[in-house]
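Shared between the two complexes below is chain A, which has chain B as its partner in the first and chain C in the second.
So, the complex of A and B:
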């Protein structure tokens, strides 16, 4: 029994981490190829079919490069920063449910790595941890540009975390639960969160763009002002870790917004008919039906996450970046008060509708 | 003093910012579909396709040869003298009488004729100075080499029959 529990946990971790790390090179390829298509160019098309092996070539280049450490850097924190940048979003992913349940060998498996009732708080804690690698990287590499980039990045993330937290809070009030599973089942039985609280979804979407340092809010880096920002002194695989961390943070943010506002793993329209068709065709029992549903739920979540990943790329190549004061104005003077008003309105709505 | 104060009253729609974003996203999506499905791009895929330059484009040099594959150059040093980059180096010699079928037309010949392509500024003065139409600039722009020594081309590399400027040097 305990052996089985351990095994299923390992299998779930391998699935989530494997999917994440597998998506990163595809996203790197798609980011470049998609950018090229949007700009009327061709993009990397030489390595492998459609240039799909380009990330592999990049990895070889990253590995072959000199592993350089600045002389005055604080070695411990300098090496800790990229690891932390990678680990924080991966940890936050552990509470994202990617299916309701599967039945293997007569035993029920909840398709979520860490089942905790305070799941959303856990996600927020680890999303908050994303500030630390930026500050550590900027400070530990003993470079003025790095420090400036780190300050800009951390102030941006801290500011937008507030409006993000408030948007999330309004959804917590709607669902009445901290558990992501409850949220998804609420949305599956009633409406998607975006229908209930469209304004909260918008604020949340803008905030995760700022949280993941993507354009139009990619201010921690700035070629003309602060060179490469906090990862200026990082080369070779250490830079690659930061690069991967950015994409995994994107996956995490996409999974979070899908779970909170877009129904999470709840089936897309038409999928339930497909499941009953498949089950009746192959003559599945109740066990088979549950497992097929779990697969479709996983596909459903993946397609939602995929859409948001595409949105990240799409927005990136559409919008120019903000100036730093404009960014702070948007965060503090517009999003913060509006999300507060939204919170009050949602609270009142929930109170009077449940009365 | 010299600043122009551009103050613009923004409408509510412009201030909301989101409609403008949606318009922009519509445009990028259109381009994305054009690129993804219709394979529309403005890039010239270089090694397979080459850009057409003007006929007047001045590229790599060549020295024209006559029917006997003898170079038209008579080592008069006009090109070396006019060259502003001093990249042409000629060593001249008298053509021996018994072998000389051209008589007075080609009494001298170059023993060596080196052009340092890295020094050359492709001004075309040598072409203008040449009284025999021997040195010409072709439209070939692919002159990359792996070392600096390879960029110094000698007479054998330069010689080619003069059948228009556009044809590639046949090796």
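So, the complex of A and C:
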């Protein structure tokens, strides 16, 4: 591998990981302020302007707390679980493109960490690995509530993976490619995936709520029933890792649904005029134009991801938690058959439209 | 060969040995999971991304979840999870494993020793696959055009297995 290739790979990884970890404290703040806003409360407003330094105070609290380990816990797996929780969604992010290409030093850089021909299927692979930290954390803590939470979490994730996979499959048939760049250019040249397959988008949205264990599907944590579920025995920074993992999984899911259904990094309306205005004002050549476009594509993807993060918070404070049998009924008896029917409909649609 | 592959191979060998010699079934299952993930990593490093992905989706993401799930559900107390030491069985199993490995190595060696010169290359070289749009595209085309009958037959067989499992697991009909 050449020096330049290596350097650009490291730069892309640092950008993605940096943005993700940087968004977490903002989301923590926004989650609390959003909750307060929706419930007509004030929310955190004492630490810094608008309570913006609240995440910092949280971090200090997490670090200063006693870092206890339960006596009967299986130590190795107990410490392994939070690490795995953080790694799986970060790996999945490596396939999501955050721009078409940039040109640095005369060399073209594809703005995607891993360019592999299996593309989005790779994301599913890592979404499947998100089950392990939950099972491990619940089992290694040697606590019955943790085990209950782990069982709930893993059965929920495994069940909703099916409808998620079917919704993804219907979009793969529409785009005819695994490659996320192809998907985005298809959507940029025609219409967003959500217009073609709105039902698939809905099923996918519901499934990612279940996959990321967010309300109304946060049964693995269900405070009122099983205390805190699989991370009950985790304190201090170990709990903070689970907390961060949840937000990173949310970012990953939002980026995935934006890429599949909402045009990914394709420019929002009005942006192309802005780009031509900027480049004519500063007199950019073709290279500068490409780079400015890349920046705007990144902004476009980020704004879409931001909207979905807002949606996650919005729904969390709007809908109450499901009961476990309702959750399973929704997954197996409603979403699964409906997404199968949707798959058939989309297949027929694609066949007759392309004929 | 990239040095990373060697590192992954060594890690997976260590994990495989741990899987064999540990007494805790969960450790055993997780080591197997580790071996599968490392193998996926090796596939990825030699450029076979599709195989790596399928390895992760099918083995690491689905089958091992089932394994670990059933181990955790069936016995949660340590007394019943520890395997009983049975040296005779252990030695027999090791001998059997080595003999199977030996047969496979012998067969492969024979095959390549005899056919090395006139070994016919397949239709798809790696350059040709890359020109056609990557492994996943070529494989999908082959599955859904050339081999679609076998594909459908296999899916029928899987359906039969699922129906059988449901019938076995269902409580008696009223």
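In the analysis below, the second predicted complex is superposed on the first by the 354 of 355 C-alpha atoms of A that agree within 3 Å, B and C clash if a C-alpha of one lies under 4 Å from a C-alpha of the other, contacts with A are read in each partner's own complex, and residues count from 1 in each chain.
Definition applied: a residue touches a chain if its C-beta (ideal position, glycine included) is under 8 Å from a C-beta of that chain, and two chains touch if they have at least 3 such contacts.
Computed from a predicted structure; not experimentally measured.
Q: Report for A:87: first if it touches chain B alone, second if chain C alone, otherwise both or neither.
A: neither
Q: Would you sort A:125 into first (chain B), second (chain C), both or neither based on which partner it touches?
A: second
Q: Once the shared chain is lined up, is A:340 touching chain B (first), chain C (second), both, or neither of them?
A: neither
Q: After superposition on the shared chain, which partner residues are touched by A:77: those of chain B (first), chain C (second), both, or neither?
A: second
Q: Please tell me which partner, chain B or chain C, touches more residues of chain A.
A: Counting residues of chain A touched by each partner, the higher count goes to C.
Q: With both complexes overlaid on chain A, does A:173 touch chain B (first), chain C (second), both or neither?
A: In the superposed model, A:173 contacts neither chain B nor chain C.
Q: I'd like to know which partner A:17 touches here: chain B for first, chain C for second, both or neither.
A: In the superposition, A:17 contacts neither chain B nor chain C.
Q: So, does A:318 touch the first partner chain B, the second partner chain C, both, or neither?
A: The answer is first: A:318 touches chain B but not chain C.
Q: Please indicate which partner A:188 is in contact with in the superposed arrangement: first for chain B, second for chain C, both, or neither.
A: A:188 sits against neither chain B nor chain C.
Q: What part of chain A is shared between its chain B contacts and its chain C contacts?
A: The overlap between the chain B and chain C interfaces on chain A is empty, containing no residue.
Q: If we count contacts the way the header does, which residues on chain C are in touch with chain A in the complex?
A: Listed in rising order, the residues are 26, 30, 33, 44, 49-50, 52-54, 56-57, 60-62, 65, 68-69, 72-73, 76, 133-137.
Q: Write out the stretch or stretches of chain A touching chain C in their complex.
A: Against chain C, the touching part of chain A is residues 74, 77, 116-119, 121-122, 124-129, 131-132, 135-136, 139, 147, 150-151, 154, 158, 177-178.
Q: Can you list the chain B residues touching chain A in their complex?
A: Touch residues, chain B against chain A: 18, 21, 24-25, 27-29, 31-32, 34-36, 40-43, 45.
Q: Chain B touches which residues of chain A in the complex?
A: 34, 36-42, 202, 314-315, 317-319
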